[in-house]
Structures are given as C-alpha cells and as structure tokens.
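Which chain is which? They are A, B, C and D, in the order written, and residues in each are numbered from 1.
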Amino acid sequence: MSTNGDGGFSADEMMAVEAARRVADGTVCFVGIGLPSLAANLARRTHAPDCVLVYESGTIGAKPTKLPLSIGDGELADTADTVVSVPEMFAYWLQGNRIDVGFLGAAQIDRHGNLNSTVIGDYDHPKVRLPGGGGAPEIATGVRDVFVMLRQTPRSFVERLDFTTSVGDRVRVVVTDLGILEPHDGELTLVGVHPGVDVEDVRAATGWDLRIAGDVRITDPPSDVELSALRTLEPKGRA
Amino acid sequence: MSTNGDGGFSADEMMAVEAARRVADGTVCFVGIGLPSLAANLARRTHAPDCVLVYESGTIGAKPTKLPLSIGDGELADTADTVVSVPEMFAYWLQGNRIDVGFLGAAQIDRHGNLNSTVIGDYDHPKVRLPGGGGAPEIATGVRDVFVMLRQTPRSFVERLDFTTSVGDRVRVVVTDLGILEPHDGELTLVGVHPGVDVEDVRAATGWDLRIAGDVRITDPPSDVELSALRTLEPKGRA
Amino acid sequence: MIVPLRDAIRDLVRDGDTVALEGFTHLIPHAAGHEVARQGKRELTLVRMTPDVVYDQLIGMGCARKLLFSWGGNPGVGSLHRLRDAVEKGWPSALEIEEHSHAGMAAAYAAGAANLPFGVLRGYRGDLSAHTRVETVTCPFTGEELAAVPALRPDVAVVHAQQADLRGNVQLWGILGVQKETVLAASRAIVTVEEIVDELQPRPGAIVLPSWVIDAVSLAPGGAHPSYSHGYYDRDNDFYVAWDEISRDRDRFRAWMQRHVLDTADITEYHASLAAEVATA
Amino acid sequence: MIVPLRDAIRDLVRDGDTVALEGFTHLIPHAAGHEVARQGKRELTLVRMTPDVVYDQLIGMGCARKLLFSWGGNPGVGSLHRLRDAVEKGWPSALEIEEHSHAGMAAAYAAGAANLPFGVLRGYRGDLSAHTRVETVTCPFTGEELAAVPALRPDVAVVHAQQADLRGNVQLWGILGVQKETVLAASRAIVTVEEIVDELQPRPGAIVLPSWVIDAVSLAPGGAHPSYSHGYYDRDNDFYVAWDEISRDRDRFRAWMQRHVLDTADITEYHASLAAEVATA
C-alpha cells in the first residue's frame, strides 16, 4: 500500500486522520463502511469522545471496539444506544435532519462535488456497473455537512461525471490521498497538501483545471496518538 | 341496570353475549373499550380461544384476565404478543388490512349504519360536544367487517344523523339491547329480538320506519357458561 | 440537560406556543401539565390525540387558545366537562378546535418526525373533512385519491418516561403511543421521568430517545398520575371516575386546582396534597 | 404453519413471482435462496435493498428476469461479479434492473406495508430519476414538490429470524433492517428460523411477527450463512472475501453452486459440504 515519502504512515491513514480532525466533539455522524468508518471511529477515540456514530443499518450511537467490515456487523448493534428499522432511519433520522455530518465516497467526483457511484459508461450499456447509490443520494441532501473521502486520480476527478449519483450542494470538504479540497464559490479548490506532496502532483491527478487557493497549507502528519489509535482500530490486512 | 324480563341477566350482558357469538375462532378483532371489549374477551374465553385482540393503543394479541377500564391498561401490554406504536398500528395493521372485525359504538346511527360519535346539534355551535371519532372513521373503512353495539332508543336510532363520524359500508350487524339488525340491500333490518322483547318494542325504539325481516328469530338467552365467563371478566359495578 | 421541571417549563414553553403533551393512556405527562398551569402559560395551542384529564385541567384554567385532537373524553368514564364547557359555552374563554381522526393525527405526527410537509392515509370519509384541515392527493402511479393531512410540528413536545440515564438518554416501555414521533416532530422536547439511573438497562419492548434529541430531562416520580408508568405504578382508575364529579362544577374545579396544583410547588407536594385530602375525607 | 423449507418454497414461490428475500447485512435468508436455486425457479423479479451474495448466486443461476435494488455490491469487498456479468454481458441471461436509493426503497416498502399506493420522500436528485420509476407529488398545504415512489407489494417475502414458537410466532432482534415492512407488504410470507422454541421470551430490541401474518415458518439453523444471526453465530467475513474469487469465473461459480447447493439437499448438507471442502483444502 502506498505511503507518502518516509513518514511511516499510509495514504489511507493520512486521509483518515485528516477527515477525523474535522469531526467536532458531539457531532452526529452518518457513517458508511471503509475509510469514513475509520475516520469517524478515530475521531471518537481521540478528540471527539462524544461524537455519535449512526450507521444506515439502524444502529444509533454505536461504539465499536474494532473497525466493522460491514455496516451491519453485530458489534454495532451490541454497542448502540438504540437500533431502529431501516425505514425509520431514513425517514425520522436522516430526512428528519437529525444528522450533522455524512461521509461519502465515490468512483468519480466533479469540480462541484457531485459524485458518481453508479456506473462507468452509459447507464443502459455500462462499461462498469458499480454497486450504486445506496444511501448516498439522500445522505447528500439530508445531512448538514458532507465530507467526501476519495483517492485522487485523473480517472476519479473528472471534468464530466458519467452519472450523477448525488449532488454536491452540501459538500464541505474533500479529503484525498494527496490533499484537501474545499468549495470556494461552488468550485472545489485545493487548500492543503499532505506531507511530501507538491501542488503540481495534485494538479496532475485532477481531470479538470484545478483551482488552487492562495495559501496552500501543508497537512500536519498523523501524530503518534492518532496513529496508534488508528492502528488499534484497523483490521488485519488494511493499511 | 335494566334486565329483560326475569332471565336473570342484564341487557348489557345480552348484548355482549350476542356480539361474542358472532366472533369466529381465529378472528383478528380491533377492540374499543366497554361493551366491545367485553364481547371480544367473552368470545376468547368461550368458543373462540384463538381470536386475536388488537387494541388501538398498540397491543397486538392482548390476553387480559379482567376487563380493562381503558384501552391502555398495563395488563394489555403485559399479555400482548407485541406492542407497536400508535402510528404503526393505524398504518401497517389497520390500514394494512390486517384486521378482520372492528367493533364500534356511537351516540347515533342511521338506517345505513352510518354513525355519529362527534356532536349533537350543529358542529360549530353544538348542543352536546361528544368525545369525537378517535379511531372510528378509519376502523369503519379499514376492517373487513364492522360490528356495531348500541342501545336502541328513538334518540339514538335516528332518521338523520347530526354528524356522520363514520360510514356504514362495512357494517355487518348491529347488536342492541332489544335485538339484532343486519343490512338488507343497504338498509338495517330487524332480524332478531332478545327474549321478552316484542317486534313492536323495537319499532317504537327506532327513529325511522324500521324494516322487519320476514322471519324474526328470538335470541337464545345467555347460557350459564356464557354468563359465568362474562361475570368473571366484568369489573365490580358493571352489569 | 437534567434540570428541575420548573426551569424546563419556564425556559422551553412560551405563551402562544403549540405544545403537545402526549401519552396514549399510558405515561401521560401530568406533572409537566400541572407546572404549565402553575406558571400560568397562556394562548397555547394544545395538541394531543387523546386529551383527557390534564388537558381538561389546562383548558379549565384558561391556558389554551386552541385544541388539536382526535378523541376528547374521559376514558372509560365519559365526557370532559371543562372541554365541553369551553366548546359549548366559551368558559373560561372560547376554545378553537381542530379535530382529526386518530389515524390522521398519527400520520401527521409521523410526517412531522420525517420532516415531510404532509402525511398520506386512506381516511376522512364522513363529515369531518368539511370541518378540518384535510386535502386530497392523487397517486401519480395509480390515479387513486387519498387523504392528506398537514404535518404536525409542535414548538414543544412534552412526554413522560420511566427512566433517563445521567447523560439524559431516555428509555420508555409498555404502551408506546406516539411519543417518539412527537419528540422528533417538535422543535423542543421536554421529558419527565420516574427515575434517573446511572446506566439504562435495555428492556424488551422499550424505545430509547438519545439525549441529543431532547432539550430537558426532569425528574418527576409519580409524574404520570392519574395515568400510570408501566413497571412503577398502576393507573388510578378511581381518580378518573372522581374527576367526572370534580370537573362538572366550575367552582369545585377551580378549588381543586387551587388546592392540589396552584398551591403545591411540585409533583411531591401534589401527591402529598391528594393524600391529605383522602386522610381528611 | 411450520413446514420443511423445501415445501414452503415449492408451494409459495411460483415462476414469474416478485420475490423479496430481505435482510440488511444481518439475517440474510441464504438457506431459502439456495432452495429457490435447487428448485430451479425461473423468471423471478428479485427485490432487495442490498442484493449481495445470495442474489449474485440466484442471478448467476438464471433464476431472475429482473432485479429491483438500491445497492448491489459485496459489502466491504467490492463488486458482485455475477450481477455485473448479467448487466454488462447478459450472462446467463439478460437482467432488467430497476434501481432506487435506500431511502426510496425503504419508503416503498413502508407504503406497501401500509396499503398505500406510493411513498413520499425528499430525494431522487441526480440522474437516477431519469432511469427509474419515480414521480413528483405536490404538497396540497405548502406547494412543495416531493418525490413519490410506487409502493412495493411483493408476491412473496422471505426473511430469516432467530426464533419461532410452536404456533409460528416469530421473534428477531439485532439489526432489524426492513424485514417487518417486507413481510407486511407481501401477499405471502416465508420465515426461516435458527430454532423453534416452546414460547418466545421477549428480548430487548426485538420485534415479533405474529403467526397470522406469516404463511410458512421453516427451521433452518445456520440459514443466514455467510451472513449472521445475532446471538447465534457471527458473520463469515472470510466467505465474502472468498466469494470475490469464486464468482469471478463463470465455470468456477457454476461448479461451486453445483457442489454446495444443487448437490446438497438442505442447509445441513450445505454446511457439511463447505466443511468438507475446507477439510480437503
């Protein structure tokens, strides 16, 4: 797995740490599986012990001790404050505006933060049929703030999406393996790069003419505390 | 409390027994408080041990040992197969067509089985403001068969309702303290009288020109089994 | 988070608010209702599927401008005399009513909890549709016409529960009514509880309301009386019967409210006052 | 009421039916799905929010004509290769898809359970609305436009639960998913269970489905594998990873299905067959 320079941490770890740092204590997070789950759980294990993890499987206030492999792992229900049905989760909790932050990933993103997790190529004659939107379309419009986590390549950061699975109105930040993008006047703009990454690397990894902020800061590398918390959470084989 | 002749049973008891006799075993009954609850519980205690009592408070499969005074008595929840929320009860179970028989009472009924439990006099300037419809409007259209239980007087059996709380489309039988009415071609018709009651008594107690069936049978009086089951159910002071 | 009931009502219930003190025969928030009366809140729009004794009391004390309801009686006993007096004779003040069916109100609360502007149901046949806020929606797939009710979004939800933990998470069980929907539909939520425990032990049939959907939790043991709290105490059926007499007469009603509610400071004094009356009877 | 799974599938699932084998990562009815494959049911419209391995198997075996879904992947692993092969290359036969979002399907199941023709939600922004059955409804009170989805009313619901009692009442707990709505929305319902007990002991967080909303209950211990049954066994995460390899190749997939499903009589033989393979590996 790729690492940035010789920092002794992986790109995934840098992404998870940078996303976790943006979760304020007490935040109610709607969490999907993989990196978002890693980031949200890391936040809860470090600076945000009272952030609330909500998984779309219906578990509210889950406190997993290890990173779940699926959003439905039994430990999520065992450690939750309450478990509700999936229809209740989407109607009363997500649509009901009870969620502060929702994490999303995707196969493609455009400069406006619109995401594609549905199909590559034509919808009716797809080159690659992806799993689909799942909860994403209504997460993107139901939470207060959307955090996107996505590896940055010209094939994922595209001029035009093959399909718009979810809209970018509420995207506040995009954390990639290279840096940090935030919307300025509705267009994603590079505001930070990770240690060992040049602005030109990020520009080259972007399928559109990337807007660069006046002052691009360099991300703080993961602290020992963050890394050790992260590695107690990660299942064997990841990172 | 009135009794019919010297049968040694009250008019309420006759009504409850006659209604209970119409509950087939295994029937799912939506039950209100008072006489309907008495009738449904009596059926369960006698010939219909597998009839299912559903109270609008959310208790499904309640098995009370004594007659509840309110539809929300704790024993209903303690003895139920499951308790659901009130919105679920009305959406999934009543509107969802899961109920066979619904019992209704009222202050007024007309010849078509339409019922008034809302107001006497003008709605905006009522002579008597009654409690209102509660579950009745959707019980009347959500269950397969509506059983009405109502004491028969010219003031309750009226030519024209002051207010239509629920419609009579699904009314299959009206059990009164005098006899039994069933709809023939959409008009309630006297098909039975209780012991000691004359057809003329019933006609005199009806506010419209009552249609009488060709063969008006005489109701079997409550059996000893029915009466003893009934009296173990009834709280002190009733009947 | 966990505050005295007096402070919760003072800070979260404002004159003119739409307030839903919910409870479907079980866990009726009487203690909170009494505190609303003590603080003399006015011009309230009271919302409840089954307004019973506590709403009879608030209406008789002139706290309400409007009542939105689906069944207004004294369960198992008869009429609510203060409600009738207000509707029929405008005493102590005129009371506007908006009447619905149980199914309609349940759908309206669920729509409010789901942040939808209306609820859909098969219902409202009969005369009520001519006297309340119900419209028709047409199914875009089948062309069927259904009833639509406006979502209920109270300013304040008030419910009673068995337990809260030290962080303000609430657990209630037994008959659940429409309490979860009421809390989630409202802008502000007050929960009174029988007891506060270190940690909630999950119970069969229980629902949990996390602290972050609640604005205030207040300890009020016996706070549902004359209603009941499943697992704590039974329904005081005799009180409901007695209320029929107490509430029939305006002066007797007012004297009762003065003695047992206005002249008591909280739920503890209320229960002591009732006990003293029985003792001297 | 309580019948062998073979009989339940034979009598209640017909070629051409719309069948929802539901389960949201937990309690996925694999044993029932395998029996559908053994009996070679054809032309099915398969409905599920999260079709995963069991639907990959049924699609690869040519049982399905259409798939109605909202997320079709191998959770935590990647793609479903049999689903992709059917959609991208029409193997073994063309598969029509009707795609929704989770929120849309949840609303559609709830509408079906409530006997409403459509569900309402705030959603379906983006391109999907141009490719699926979603319409607009206007709030008659506010004028707001919302999304409407057609109610889901499957011919058959199939779910897995932990327990049934001798009368066929079912209890399930842990992650509840959309199983109650699926059963109540369907014309016929089959429930497989881990065990049959004399009497159900109420559990925290459990839901109960009374026997009178279910057509058949069948004993299938281990019937959720590779999914899990909360309180009975854990999710076989390694199997989901292994499935990625097994399902990539058409011949390897068919050989696997032949050995472990078609050549086994029931859930017990299926587990024995998997164990034997591990032993000889």
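Observations on the structure shown:
The criterion applied here is as follows: a residue touches a chain if its C-beta (ideal position, glycine included) is under 8 Å from a C-beta of that chain, and two chains touch if they have at least 3 such contacts.
The structure presented is a predicted model; accordingly, all values stated were derived computationally and were not measured.
Interface comparison, A-D against B-D: more C-beta pairs in contact at A-D. Set against the Cα centre of chain A, the chain with the most distant centre is B. Centres computed as Cα averages put chain A at a distance of 28 Å from chain D.
Put simply, the C-alpha centre of chain A and that of chain C have 42 angstrom between them. Between chain C and chain D the centroid-to-centroid distance comes to 41 Å (mean Cα coordinates, whole Å).
Contact of a single residue of chain C with at least two other chains is seen at positions 110, 115-116, 121-122, 180-181, 205. Across the assembly, chain B contributes 82, 91, 95 as residues in contact with two or more other chains.
Contacts between chains form some other arrangement here, matching none of path, ring, star or all-to-all.
By the touch criterion stated above, chain A contacts chain C in their complex at residues 26, 28, 52, 60-61, 81-82, 91-92, 95-98. Looking at the complex, you find that chain C touches chain D at residues 115-118, 120-122, 133, 135-137, 139-142, 144, 146, 148, 150, 202-206.
Listing the residues of chain D that touch chain A in their complex gives 24-26, 49-50, 69-73, 75-76, 79-80, 83-84, 87-88, 99, 101-104, 106-107, 109-110, 121-128, 131, 174-178, 180-181, 205, 228, 230, 234-235, 237, 240. On chain B, the positions that touch chain C within their shared complex are 33-34, 56-59, 69-74, 76-77, 82-87, 89-91, 94-95, 114, 118, 123-124, 126-138, 140-142, 163-167. Only residues 110, 113-116, 169, 180-181, 184, 207-208, 210, 212-213 of chain D touch chain B when the two sit together in their complex.
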